[in-house]
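The structures come next, written out as structure tokens.
One chain, subunit A, links the two complexes that follow: it is found with subunit B in the first and with subunit C in the second.
Entry: the complex of A and B
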């Protein structure tokens, strides 16, 4: 109940504000440009429908992670810097309830991004293969990744108590997670690339999207990667719990 | 004149009799199926390569891979099969004497034009790589240009979110007042 109240308060303060809403306008503008280019540019439109859907899904996932990281970095360090954490701690809610409320708000944010992206996904994937399955996977894996990265960033924010520093570290983590995008296909096939692909939750997600949407492979192919992502989610929640319980004024 | 014609014919015949194609001389032979394909862009096809061990001894560690060359006039070039999702080479551990191995190469057709596909087998004990006959591939151009579908969403959604944004801003302002 208290968690729900904190979550509602966070959503009102961070998401349902004109400034918070700018994220969503920008998200929809970027998605509009991308999908328009995919479907009208003669070079890009040579791509298979599944390939276009896969690329849009990767972009939406990355965007969800990025926004989750920013929300997470602000969660405790931002409250400390604004001098509002003391008042929050004086409320009847426990530290963990506060953390869960803030995490809930971050996940709601991902939910809004996912809802915004739905019309684009349907338009880009129209007539293509595995559109609905791909969208279900995006919802599940995107939510798990949003929890993972937001919880990690929130834990970091509670430990470091500096928004700037926790944001910088979170961005480094984001770049590390996005490393597969920068590596060539040949490099990804080396033992190092394969290990990096396997232990990296973001790479696991994009490889799952590839496998589901483009290669039409079933859940048995995805189980291992989904399990790794679930493992990271639990690990980051544990990290958040440890970080918040040690948080002192 | 007759003598020289006879001599030339004899030489030609001798060359013809002695000429043995590489695939026949080799203990490995490879074939590709289907021999020709007509498809549309975006379709998925599968090439099947059959590797036959013609010798009485088992062969091991043979590598087989598919190649694709664009033969459209003015666009002649070998293709990077990574984009066509068919870049995987197959390593065959062993083929028994006079046995066969069947490999499959699924391929997504991402561009139009005339192509030839062939499968090559590399045996480390043989200096000559063995290639199959060429399979002719004709891909019809299909452009997925549908701006009419994307435009309402691409223009409408940012506008819709903008309206919600303005409503929130207006409500906030009136609450402050």
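Entry: the complex of A and C
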């Protein structure tokens, strides 16, 4: 119950504010521009529906992760910098209850981004195959990645106690996770590229979207990658727990 | 005895902040905890508040072991830290309601009003905290520290930066709390006026050790409070 009150406070502080609304309006504008380009641009409109859907799913996942990283970096370091964490620690809420409340707010943020993106996904994917399956995968993997990256960033925030530094490190880790995307197609087919692809949670998610939406492959093809993402989620939750239990003012 | 501290040691990166601290506080006291900057006052309070861990020692608060039952201790104590920040986007009422919800015994919305009235903020409950003056924020901090009707209240430099009127108001509030509600107050300060006006017992800490402890009246027989303070903290010895 204390977790719920803390989550409610975090949502009011970060989401239900003019700044929070601005994030979502920007999200809508960017998604509108992307969808418009996909559907009207003479070169982009040559892509089939599946590829358009796949690209927009990647963008939504990346956006959810990035905003989650900002939430995570602010969670403890931001409160320490504003001098508000000590009062929270004086209450009988345990450190994990506080962390879970903050993580809950970060996941709610992902939920809102996902909800905003739904109409765009349906419009862009209209007439294509595997639209619903793709959206279900986006919901599941996006949620797991939002938890993974927010919890990681939150753990760093508790350890480093500097919002700026934890944000920089988190962004760097996210870029590392996305690194396989920047490799050439030939390099990605080598053993090195394959391993790099497999161990990166973000790359695992977009490869899964590719496999589900474009190649219409079933769950058995995705299970390994989904399991790896789940592993990262558990690992980041463990990291968060360790970091928060050692957090001192 | 509401606080019993034995052999408390805390080290930071090889520096000993608390070096075998021993003291006790009786229920109903306004206990002054004095010391120069860096003597270990804030560290002691944070350990007593179960916010940071000690390296060794033993602390009982109202019979609860602070290291083993931190959440039980937090239900019966509260504190106003030295650099208390506020959720400035909240109103005073929302702020107190939020903290009240984190305790077993929650306050209803209308129970928040008397708290604000006690600290002289009635009529301002709907204002955003960011519009408050420093003195008003300090009073709100005290109201926050009273949401759970604590048996023991820790205040770390509560009158720092306040004008004489603000200081007088806080003094009156603390005396009222102690006399009417029996709240034990642990007051950390280096403002000797505050100690003289409020406290019945004091302890002086220097270099992480208690160098003097006792009834204020008894100690004052040896000179003014200022004399006692300087004699006790000079070179860390008596």
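What we mean here is this: the second predicted complex is superposed on the first by the 249 of 249 C-alpha atoms of A that agree within 3 Å, B and C clash if a C-alpha of one lies under 4 Å from a C-alpha of the other, contacts with A are read in each partner's own complex, and residues count from 1 in each chain.
By our rule, contacts are C-beta pairs under 8 Å (C-beta built on N, C-alpha and C of every residue); 3 or more make two chains touch, one makes a residue touch a chain.
In this text the structure is predicted, and so the values were computed from the model without any measurement.
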item	value
A:248 touches, of subunit B and subunit C: first, second, both or neither?	second
Touching partner for A:40 - first (subunit B), second (subunit C), both, neither	first
Partner, of subunit C and subunit B, that touches more residues belonging to subunit A	B
Which of subunit B and subunit C A:214 touches, first, second, both or neither	first
Subunit B versus subunit C as contact partner of A:17, first or second or both or neither	both
Touched partner set for A:93, first subunit B, second subunit C, both or neither	second
Contacts of A:188 with subunit B and subunit C, given as first, second, both or neither	neither
Subunit C-contacting residues of subunit A that also contact subunit B	17
Subunit B contact footprint on subunit A (complex, rising order)	16-18, 21-22, 24-25, 28-29, 31-33, 35-36, 39-40, 42, 45-49, 116, 119-120, 123-124, 126, 185, 214-215
Complex contact set, residues of subunit C against subunit A	46, 49, 51-53, 71-72, 74-75, 78-79, 81, 83-87, 89, 98-99, 101-104, 141, 144-145
Subunit A-touching residues of subunit B, taken from the complex the two chains share	41-42, 82, 85, 108, 110-111, 143-147, 149-151, 153-155, 157-158, 161-162, 164-165, 168-169, 172
Interface residues, subunit A side, partner subunit C - complex	2, 5-6, 9, 12-13, 17, 79, 82-87, 89-94, 248-249
